[in-house]
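Several structures are given next for inspection.
Shared chain: chain A. Partners: chain B in the first complex, chain C in the second.
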Partner chain A sequence: MSAPGLQALATDEARLLRVLDRTFEGWGVDGGAESMMMPVLLPVADLARLDFYDNFPHQAMLAVQLDLQKWDSRPTTGVQSFDPSVLEPALLGLPSAACFAVYLSMQGERLTDNIRVTVLGNCFRREERYEGLRRLLSFRMREIVALGDKEHVDAHLAEYGNRISAFLTALGLPFEIQAATDPFYDRGGQRALLQKLSPVKQEFIVEDLAIASMNIHRNFFGERCDIRSATTNSPVFTGCVAFGLERWLSVLYSHFGDWASAAAMVEKAALASFGKGI
Partner chain B sequence: MSDNVAQIKQWIIGRNKEIQDIAPDQDLIDSRLVDSLSFVELLILIQQLSGKTIDQSDLDIESFRTLDAIDNRYFAVTTVG
Partner chain C sequence: MSAPGLQALATDEARLLRVLDRTFEGWGVDGGAESMMMPVLLPVADLARLDFYDNFPHQAMLAVQLDLQKWDSRPTTGVQSFDPSVLEPALLGLPSAACFAVYLSMQGERLTDNIRVTVLGNCFRREERYEGLRRLLSFRMREIVALGDKEHVDAHLAEYGNRISAFLTALGLPFEIQAATDPFYDRGGQRALLQKLSPVKQEFIVEDLAIASMNIHRNFFGERCDIRSATTNSPVFTGCVAFGLERWLSVLYSHFGDWASAAAMVEKAALASFGKGI
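Let's look at the complex of A and B:
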């Protein structure tokens, strides 16, 4: 496998990724989150309903099937790529973040309570350049998502923001929290102004790399997926904290110098991060 | 509420077909009645109606959160003396 942006994880790396993921999943479960699993592929029509192809066409990846009527008689050795003429229309997409599937899976639900959901997503982003574990085409993202009223989402981000800060401090990793804008494909640059005045994304930056983020969606997904409060019938507010797991590997390796030391420190900090509640 | 703010309210309602009315203290940003795409258009509309130039490098989001806030910041009658 030698394509840019695709990287296999060796045993030590995979082990550390699993420790990190179990830690973050555990934080979610601590906070009452349902720990769910989502399909990797999502219907293009559903992602389009979330404005995904308006906002992020530059990141989009599609999964297509071969049109066997057109492909049938051709030789199959030495294939480097498939010409679009032998492909069926692309009905499925690869998501760039884990939480899209959560909202789509909850389409039409009426929530009687504020809730949390946590998922590990296989995510995909087409980038102009790829860089080791720092910038990948295919990567894993753990998310802890809040759905409910605005106060619930605000409290969720504050609580998990504190938890991430405490974890990074325990690891001895210097970090900054920076307001950020989503990498919208924005023809007019209009979106940036409101995002600057009223940030909806904050990132935890370690070694110039965003390894986790806190995101406010207001009631956008509640509205688009018709997820409403059972009591008020209003679309729910949503927000999420997200962890780019391979990016965590990258900064941990760089900071601790080898996988064994990184794993030992993460396990220690992870143990200490439980039992304190949120 | 001034006529100008009533016009702004109608403009926002026109862009949000599912609503009939907007309370003067309703948060326009958190409710996404004004989103990141329409925000710049809102600024232009306020500028046109108020005759005041809005400096985009010196904006306070709180001045745009509600119809009341817009009214106070851009359309309040200033009395002198």
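Let's look at the complex of A and C:
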């Protein structure tokens, strides 16, 4: 498997990824999150409704079927690719972030409470170039998502932001928190103004790599997916913390020098990160 | 998310799926398996080399990028699908089984020992119709794969077959083992003859649904992927046991009546399934 951006994880790498994922999932469950699982594919129509193809057309990957009439049963020996002319229209997309599926799976819901949801998503981003575990086409993202009123989302990001900082500190990983932009809110005068006043995306940078982020979506997904408060009937606010798991592998390996040491240190820091509430 | 064949798993379903997956992964690790992780996408050229598009063109799903030149920046509001004319050629495929990635990731290797590998794969099958958790487009498959000499593969399937039977019996799930055919070996005189003499695929059927299978590939993947014995230089034999995890959810829910009872019974049966060696 020599394709750029695709990488198999051997036992030691896979073990560390699982330890990290269980830790972050556990943080979510600690905070009352429902731990769900999502399908890998999402309907194009749904992603389009979230402005995905306006904002990220360069990253977009579609899932499409062979048109059996057009393909017929030509011999496939030596085939390197399929021409678009033998493909059916693309009805499904491969998401670039894990939380889209959460909002889409909750379409039309009326929430009686502030809630949290955590998911491990397979994510896909077409890039100009790929780079080891730092930049992949097919990668894994753990997210802990908050849905509810604005105060709930603000508290969620503050609490989990602190937890990430404490965890990185316990691991001895030097990091910075940097404001970033998110194209979901670049357009429209009021949103653009708001974004200038308060950043909607903050990233945890280790070794020049964003390994985690905190994201404020305001009520964008609540509106688009018709997820509302049962009491006020207003679209919910949402926000998430996201962990790029292969990127964590990359910086941990680089910092600790081997997979076993990295896993031992993460296990230790993870243990200390529980039992304090959030 | 109303698309046929795509289903989100809520907390209770996801919990049961994880218990099942940890159990089957644990059986693999018990038997010395390396527990790896694979990218979701695989190169079309590699899958074609495994005769995938000859054998399963009707199931095939491709992953493809938007052609930004052709798509330009048309507004995507209300978009339901993308026409093939705005897609790039498809270089990547979505696999229909978890073990393809294992053989492809080991291309060119020379094995000094008989080995086992276990993976949880996201799998994709285009179907005429989808049906709840019984028949999905995007689903999860745990596999435990054996690579080595023929005796190793035969012993692997016998041992894990017994383990599956014992587990189903402990759960009180009535099951049958049925021989099935596998298109990888339908063609060519000698292979077709061999298949008639001894079945290459056996399925565990519960409630008319194949929830697990045992598969003999002979040295097909060893040949195609140039995975050889370091001592004899012959292509290795391979075989796998595979678990369709959402299908297990479906029959367990139906049998036990609710998710919590099903999870409790599976935890109990899983505990009893360890510590006996294989």
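Note that the second predicted complex is superposed on the first by the 263 of 278 C-alpha atoms of A that agree within 3 Å, B and C clash if a C-alpha of one lies under 4 Å from a C-alpha of the other, contacts with A are read in each partner's own complex, and residues count from 1 in each chain.
Quick note on the criterion: contacts are C-beta pairs under 8 Å (C-beta built on N, C-alpha and C of every residue); 3 or more make two chains touch, one makes a residue touch a chain.
Given the structure is predicted, the values throughout are model-derived calculations rather than measurements.
Of the two partner chains, chain B is the only one that A:218 touches; chain C does not reach it. Of the two partners chain B and chain C, more residues of chain A are touched by C.
Contact with chain C, but none with chain B, is seen for A:10 once the two complexes are overlaid on the shared chain.
Of the two partner chains placed around the shared chain by superposition, neither chain B nor chain C is touched by A:263. In the superposed pair of complexes, A:206 makes contact with neither chain B nor chain C. Comparing the two complexes, no residue of chain A contacts chain B in one case and chain C in the other.
Only residues 1-3, 6-11, 13-15, 17, 34-46, 48, 51-54, 57-58, 60-68, 71, 73, 75-85, 87-92, 94, 101, 104-105, 107, 122, 124, 126, 136-138 of chain C touch chain A when the two sit together in their complex. Contacts from chain A toward chain B in the complex involve residues 150, 190-195, 197-198, 218-220, 223. Contact residues on chain B toward chain A in their complex (touch as defined above): 29-32, 34-37, 39-40, 56, 59-61.
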